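Mind having a look at this structure? Questions to follow.
Chain IDs A, B, C and D follow the sequence of writing; residue 1 opens each chain.
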Amino acid sequence: MRLHEAGALLAAECARYAAMGWMRGTSGNLSVVLSRDPLRLAVTASGLDKGEMTASDVAEIDASGAPVRPNQPTPSAEAGLHGRIASVSGAGAVVHVHALAPVLAAERWPNAVHLRNLEMLKGFGRKADDWVSIPVVQNSQDMTVLGDAFESGYRADTPALIVARHGLYVWGSDLYQARHRTECLEWLLRFIIET
Amino acid sequence: MRLHEAGALLAAECARYAAMGWMRGTSGNLSVVLSRDPLRLAVTASGLDKGEMTASDVAEIDASGAPVRPNQPTPSAEAGLHGRIASVSGAGAVVHVHALAPVLAAERWPNAVHLRNLEMLKGFGRKADDWVSIPVVQNSQDMTVLGDAFESGYRADTPALIVARHGLYVWGSDLYQARHRTECLEWLLRFIIET
Amino acid sequence: MRLHEAGALLAAECARYAAMGWMRGTSGNLSVVLSRDPLRLAVTASGLDKGEMTASDVAEIDASGAPVRPNQPTPSAEAGLHGRIASVSGAGAVVHVHALAPVLAAERWPNAVHLRNLEMLKGFGRKADDWVSIPVVQNSQDMTVLGDAFESGYRADTPALIVARHGLYVWGSDLYQARHRTECLEWLLRFIIET
Amino acid sequence: MRLHEAGALLAAECARYAAMGWMRGTSGNLSVVLSRDPLRLAVTASGLDKGEMTASDVAEIDASGAPVRPNQPTPSAEAGLHGRIASVSGAGAVVHVHALAPVLAAERWPNAVHLRNLEMLKGFGRKADDWVSIPVVQNSQDMTVLGDAFESGYRADTPALIVARHGLYVWGSDLYQARHRTECLEWLLRFIIET
């Protein structure tokens, strides 16, 4: 995929999430893998309203989150974690949103949120009767610290991470799968909070 | 009704429910009866985003949920229950959505959810002072098991079924009536949860 | 105002309330006064989806709710209460919606809901520090019973009525004022429920 | 900025907030600074539906909230507080919305709402681990009383004020920054209420 095409897709997805209230202010960021070897991602630019993005509001980064082109928008401060997740998991797209339910769930279950016997788990890529634990890590401003915490709890069958007092990361083979997993997990987290 | 016309109606209804947050991810499915003898239904295709359906994203199935045409999209995994409901109830349309309120209600009342003395019951096809019990059945991945559970609790005057930890089925003479019953029942279930 | 103009206004207002989730199914109904002497109202037709109304989906009624023209749509079953409210209060428009908050409030405070020291009371036509009591009456299918209950609790400075286990009536000089009062009162009722 | 340009921006922002349910009825008001010396603001007109504003629905006021042009719409009754906030803080735009969460938070914490260790604080212009206290003042119909209460609790690093039983004020360098701070603070207040 070319950077500008990725930018158009990212802008459209951002507008969806913003309309759902999951990217309030300029919060949240999305990325999509441009190439694997070496790993290159397109990530949303920092500091912009996610409901008003255009295809140009995107930066190309490497696996560490560092920008690889001159004269491009500043990548999101969390670009390093996007790179790390794509690198470790092999995902093609990473969604980071500030929905409320994941952060509320992490307050109640500060190590991991357990989900079981729920049909919606299928939309997250699991079976309805699987035991699923969504890892929760402490928030940090240091993407290496967050990335290490992510990697130490990483399981290939669980494509999500909650950062306490911060937000939710979900990934998938492409933005479309990542979107569906995000929507289903957010539903599951609302369910578990309210029961 | 022809299959392509049914597909257009189903796509429009899916877009409505998706916008309400009741078909998150690729969850939920809708069907409409094409003919009665033999019973044929148009059912939404499996695995698609319900906010982005087109008139072609539909499969024709028989009463057992089996596809009856070659080269069509894979019907929803729950097509068998749609067929069963249409067959037993005589309904012309079946709505299956993953609204949160029915699943929360089923956690609290695992056998049936009782509703009474509520004006909104009229929008569900009953009188305001009727005693109404919405049956709750356990979730299963086997549509025959689900169908048997549905049929054993079936009453002709109660056009809905909650599948615990899963979602809601509602039916009516057509998609329009099924929609109104779904909306009213979801309101009633939110009311009963919050009081 | 002519009936067709009233129908266009009512359809537009219905679409607004339906989008807010306050007219689920075919619930709720709106009216606007066409003339005062004798009293004639345009009221929304019975049984239609309030998000899909047109200017023709309206009936002309008298103060008792009886239709006054041949070959028009059936007026809402609650037309009689609209006529009574317009007659007693002198209002130019009556809004009846099935928002959840008023019905939840009536469960908790079955005679009247008391509001005080809230800025939003100004949007309801009162002062911020007024004592305001929204009357609650029992639900009935008989519009004369409902109308008598309304009238016995009527105060000229309180343009609203909650019908328990049913919904909310609000009125004003025109649909625009009635809308603003409805929106402010719904906010106030959510506030009072959650505190 | 010219008054008519300010009016167009204010109308667009009002439509956004109205769609979010934060300007129900005719509640809330926005302002933007037109010039600094002397201080002149464009403020939304009183009594209008915030979802239906045009570029003309705006009045030019001075630092005290008094209109400075003949034949313009009546400025919002709270124009005086807008002027005071812009004067004291140096902000270029002030947002006043009637979201529910701030008013609920003020009921629980009647002097100040404390927020800490939350990533969303960055969207409010602070660091994630800052101690942040949002001042709460009592409601009043006298803008001088409200303005004095605002000024006595004013801190340059905390661009927000909750008026108890009323609503929220947030400011920033322009309407765009004020919007993002408002959205992030509303999220934070929902979080703190629900935990």
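As a convention for this text, a residue touches a chain if its C-beta (ideal position, glycine included) is under 8 Å from a C-beta of that chain, and two chains touch if they have at least 3 such contacts.
What you see is a predicted model, and the numbers here were worked out from it, not measured in a lab.
Participant: Shortest hop count from chain B to chain D along touching chains?
Facilitator: The least step count works out to 2.
Participant: What are the mutual neighbours of chain C and chain D in this structure?
Facilitator: Per touch definition, common to chain C and chain D: zero chains.
Participant: Would the interface of chain B with chain C count as same or different, where same needs over half of all numbers used to appear in both copies?
Facilitator: Interface between chain B and chain C is built from largely different residues.
Participant: Among all chains, whose Cα centre is located farthest from the one for chain B?
Facilitator: Max centre-to-centre separation from chain B belongs to D.
Participant: So what angle, to the nearest 5 degrees, turns chain A so that its CA atoms land on those of chain B?
Facilitator: When the C-alpha atoms are superposed, chain A turns by 90 degrees onto chain B.
Participant: So, what's the distance in Å between the C-alpha centres of chain D and chain A?
Facilitator: Distance between chain centres: 32 Å.
Participant: Based only on mean CA positions, could you tell me how far chain A sits from chain C in angstrom?
Facilitator: Once rounded, the distance between the two centres reads 45 Å.
Participant: Of all residues in chain A, which are in touch with two or more distinct other chains?
Facilitator: none
Participant: Please list, in label order, each pair of chains that touches.
Facilitator: A-B, A-D, B-C, C-D
Participant: In their shared complex, at which residues does chain A touch chain B?
Facilitator: Residue positions touching the partner: 117-120, 123-124, 128, 176, 179-181, 183-184, 186-187, 190-191, 194-195.
Participant: Okay, in this complex, where on chain D does chain C touch?
Facilitator: On the chain D side, the touching residues are 24-27, 49, 98, 100, 103-104, 107, 139, 141, 163, 165-167.
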